[in-house]
Amino acid sequence: MTTPNTSQVDPNLKSEMQKKGIFVTTINDLYNWGRRSSVWPLQFGLACCAIEMIATACARYDIDRFGAGLFRPSPRQADLMIVAGTVTKKMAPQVVRLYNQMPEPKYCITMGACSISGGPFKNGYNVLKGIDRYIPVDVHLPGCPPRPEALLHGLIKLQEKIDGQVIEKTEWYQKGLKREFPVPEFGPNGLIPPYNPDVFTPGQSRLITTG
Amino acid sequence: MKSLEELKQNLESKMPGVTSVLEEGCLVISKNDWLEVAKFLKSSPLYSFDYLSSVTGVDYPDRLEAVYHLYSIEKKIGPLTVKVRTDRQKGEIPSVTPVWRSAEFQEREAFDLLGIHFTGHPDLRRILMWEGFAFHPLRKDYVAEND
Amino acid sequence: MDQLFVNLKHSILIFAGNFLPEWAVILISILISVTAIAVFGPVTMMYLTLLERKFVGRIQNRFGPNRVGKWGLLQPLADGVKMLTKEDIVPKGADHFAHFLAPVAIVIPALLVFAVVPFGRNMVAVDLSIGILFFLALSSTTTIWIFVAAWASRNKFSLLGGLRSVAQMVSYEIPMVLSVVPVLMVVGSFSTVAIVEAQSGWNWFVLTPWGLIGFVLFFLTGVAEVNRTPFDLPEGESEIVAGFHTEYSGMKFALFYMAEFMNSFTISAIVSTVYLGGWQGPWLPGWLWLLIKSYALILVMMWFRGTLPRFRVDQLMGFAWKFLLPLALLNIFAAGVWLAFARPVNYLLSAIIVALALFILYFANRPDMPKKRVYRYAVE
Amino acid sequence: MFGFGVLKGMLVTIQNFFASYFSKDHLTTVQYPEERLSAKERYRNFPFLVYDQAPEDPRCVACDICAKECPPKCITIVRDSDAEGKPLKRPKSFDIDYSICMNCGICEEVCPFDAIFMDHEFELAEYGRFEDLMYHKDRLLKPNDHFKKIRPTDATRIDAKLAAKTQKPAPPVGN
Amino acid sequence: MTEENLSTLATQTLEVSLGPQHPSTHGVFRMNATLDGETIVKLKPVMGYLHRNHEKLAEDMTYLGSMPYTDRLDYICSMTNNFAYALAVEKLAGLEVPERAEYIRIIMAELTRLVNHTLLIGFLLNDLGAFFTPVLYAFREREKILDLFESVSGSRMMCNYFRFGGVKIDFSPGFLEGVKSIIQNYPKFLDEFEKLLSENEILMARCQNVGVLSKELAISAGISGPMLRASGVPYDIRKVDGYSIYNRFNFRVPIGEVGDVYDRYYVRILEMRESIKILAQAVKEIPEGPFISPKGAAGAKAPRTFKPPKGQVYGRIEAPKGELGFYLVSDGSPKPYRYHVRPPSFINLTILEDMCIGNKIADAIVTLGSVDIVLGEVDR
């Protein structure tokens, strides 16, 4: 689904003003433009997709061209969590806690089949069948591992999604903000609760409000 | 490797009480004198198996089995496979970590995934699953949670 | 061209003078230089972040950011807008007030030090007679705020980072001060403007033997003061996650980032003032010369960042106490000898003393220096 | 002397800096959305079904070998049956769950009818997970000349084999 | 502070968890370190965060179905994982491998060794604090080798290229020229890498006499690979077992003496130079002929019909990280009864605590880096 162009300034007025050198924008565009062109990913890799993520940050594909090259080690300074690799049940609480620690306009790309749905290790007893059971995911990136260009394409899709966001309707400015996702505990045979009901309904993907 | 039979005679001559069986290329030792055999294998000048390459737990329908692969670095002797058997319910096998340090993590993994209790292990805890996990998942009768 | 900004300010004052009272004109002149610094500081910081990402990028055979704006020129603006709109997190256990105070307080010395930097001929904001002392005093206060930041964020990694920063600053403060003493001895005054005037006509201090050593010392300790590689232990990324600013998000982290880059600009400006002859230079206007010299030194700092691994804590302090400090003392002695004798002889004598000092220190530190090794192959 | 090794190292990085302006070997960046690397011929990403003339009759005969051999079991096939329920040699529905597939290429190897091949298309990022990444038959089917375009050598070999098979009268294939 | 009243000073140890998410634990590996100041008192590794149950999944999959999963064991060297698994199953089923396939396997294994050692050195420097530059140079070279893997097997990292009794498909056109250009240019890259790193005093100071591992402890702890040879034990499974056709190539096995982090780093550089020699000989002598035995081809075409006889086998190879072994028990059905992987990095971690006690926290990170672990293999 393409993201609707929601900026209140109609495009042809904007373009011919720009021809005369006057730069017209709304607060919403500036807010989106700032966030989309400096998405700082968290230095967080789980498995084989992490090596492909590092390859994307390296010389040949260079994610820094998109302004997303500063991999911040501490979750406090990151805005994008790329879940690159298999999320096991022993690691799931840490992943959710890290997502909670990130400051608010935050996004999540699930890179690779394992983090989307458990992938090739789906029927393993220690493998979580997809991280979107506990945290909201913005962009899903299939592949095992997806090519570095596919990750760049995923980042471009995320940037399009950020462009389409409107300040009033974004999730983190709604009243009754429930953005603190409960961290699952370890049970005798798996995680308790098996999924977070208000984030995940089995079989039906969560449509995050972009309009 | 000279030959398995010769090693077996050598073993019996050195330690009369040991009952060892040869089974398609492996030495099967009973579990209560496995520690002495281990010490002998490591210290004997003839063989000096100083390199324990791998410890594996295997779950058979009637028994649990720990399979050890031993090499000698000085004498460049090939793999000696030693099997030690125990029953499935209360699986007890003497740990060889005091003899070979490399068994420490592998025995913990065999305990974690198959439930073989290695007596005398310095720190026998689960290594791959979390502490509260109540089953031994690599056993054939384990049923995973379907969510 | 050289006096461009000075005449500009002068004409504004005259224009304001004919309809404003006397005290208002003085106030306006102060305001002009204050706003000049307040604009110049953050803008250099923004474009230094971009310069670093592009320069280190090119070292690593890749482009830096080049999709936001023409050559990525709008990238710092985008970073700024994003940082402003980030949520502001204060950890539960943290000391609320100190957590907020530290980033704000760390920017104050970084901005204050600009007052003493002589940007061009009579283009210095405040011509303090104790300019260098003012600079050294202020630049050592950043340690306190780094430690307050580390202590206030109640996080083990930042605690480690804070302790490391205190140890590092204490052991690098003394060689830094001692490396400036020879210049003060030769010039006879603390004021930065006097120092630059003393170096007029190509006799920059860096061209004297003791000046070269003093320059290297002052630059290295300056890099340590600013916590940049290879001395960036307080925010040792690969060991203690993000060092003292682990718990800082959004604009507070941006303030730390701004303080670090403004400090690195002021350090290079002061080093080029004291040793490279400030705004002295042929053909080009004065203020352009100072910018070229300090940007060159900043590029060297970024070059360090792109290449060198990090010291360990005890090696860091061993290097300061066992190598830099004695070298700084011997350097003062060499400068004294240079001052005492006549023209051709003093260069020779102080060069001998400096060379002697380097050899003595090299052989003194030889035992704990790492040695090269020879490797052999297995014989079958 | 202390410091020469460090200087030599810095010489290397500054050489790389200046070389990146001149030699191609020292600036290897391919600016992705504008410039693209040419895909290698044997590159395998996600499987797709091949049809010769019309999408209604793909080469696939719903023999279910690839579904059994697929290690992570991400292919589900339902065999088509005509009016009175006699099973036909055509899949009614052929689903591949792209969020599970591990691009291993085993389905292409074991398929006796050369009906499934690995595609070169990798720009598949989606927002939704269940309805966007579960590829049904209509999204999987691609014409044979797409296969010829992305993998010329394999396509010519397989076309020759199929052509040879249709020339000599098709022996009664025991199904 | 004399000795006795120092003891009355009650100091607390700091319990720090260098947790599953840490910039330089090479993935999800956790070390619970108890620190006294900066020195480490106790260090308990915690694993299992990437335990993907490879062995349980393999028990209800055909033998060939597990081949793509072996790529994901040590996801940096996928070809050598396939090699070890293929060798073990061939030993079990008694398949023989044609000449050309043996040479193809040697070329692929040695190319993977180059990739693994280059990446390790890049990540080791990253742990030391060099701001990503060595990692980017390492990845620049790795991309060239990955292009070759992709042109042959179809995927950059997950090659799934080996089959029981040979390989899946012959070389693609232009592959041998690619390997020849690698053989020519790689020594130049290694010289550049050594010039950047080997004599760097900071690196030598940070790596020498850190994480020392004695010969006896190494043998008794089952250490294998470059770590064992860096401690002075001349044990290389390519020479000892002489599996596949390694005894046709002459290459030397580098050994270290002290067994510290610097030795492990330098032994790997020398091993890379030996691998290039092996590659040169293999490319020269590779014969024409079938790339897979007919029995193997049939098994690959219909994995369900591939039923090895009842019995058990333990096959091992010299993977870049150490001795990678597969213990397979087959009960005659197309699915293995028991499938066990003997991973080198899992067992090389046994003595991490002994190497780190008494050193600083920065050394523990570097020692972990020099052990060269990949979590996909540690946790399986």
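The first chain written gets the first letter, and so on, giving A, B, C, D and E; residue counts start at 1 in each chain.
One rule holds for everything that comes next: a contact is a pair of C-beta atoms (placed from the backbone, for glycine too) under 8 Å apart; a residue touches a chain by one contact, two chains touch by 3 or more.
The structure displayed is predicted, hence computed values, not measured ones.
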* Chain closest to the middle, measuring from C-alpha centroids that were averaged per chain -> E
* Taking each chain's centre as the mean of its CA atoms, which one is farthest from the centre of chain C? -> B
* Structure fact -> Rounded to the nearest Å, the gap separating the Cα centres of chain A and chain B is 47
* To do: Return the distance between the CA-based centres of chain A and chain D, expressed in whole Å.
  => 26
* Please report how many Å separate the Cα centroid of chain C from that of chain D, as a whole number. => 55
* Measure off the straight-line distance from the CA centroid of chain B to the CA centroid of chain C, and report it in whole Å. => 62
* **Junction residues of chain A, two or more chains touched** => 58-60, 62, 65, 73, 90, 120-121, 123-126, 144, 147
* What parts of chain B, by residue number, touch at least two of the other chains? -> 128-130, 137
* To do: Going through chain D residue by residue, note those that touch at least 2 other chains and give them in order.
  => 2, 6, 9, 12-13, 16, 27-29, 31, 71, 102-103
* **Chains that touch, pairwise** => A-B, A-C, A-D, A-E, B-E, C-D, C-E, D-E
* To do: Would you pull the chain E residues touching chain C in the complex into a rising list?
  => 14, 16, 22-24, 35, 38, 125-133, 136-137, 140, 196, 199-206, 208, 229, 234, 236, 239, 252-257, 262-263, 266-267, 270, 360-363, 365
* To do: Can you check the complex and tell me which residues of chain E touch chain B?
  => 47-48, 51, 53, 55-56, 217, 219-224, 233, 235, 240-241, 311-312, 314, 316, 323, 325, 327, 329, 338, 340, 342, 346-347, 349-351, 379-380
* Asked: Which of the residues in chain C end up touching chain D in this complex?
  -> 55, 58-63, 303-304, 306-308, 323, 362, 365, 369
* To do: Using the touch rule from the top, collect the residues of chain E that touch chain A in their complex.
  => 19-23, 27-28, 48-54, 56-57, 68-69, 72, 75-76, 132, 135-136, 139-140, 142-143, 156-158, 375-376
* **Contact footprint of chain E on chain B as seen in their complex** => 24, 26, 50-54, 56, 58-59, 67, 69, 73, 76, 78-79, 81, 100-106, 109, 113, 126-130, 137-138
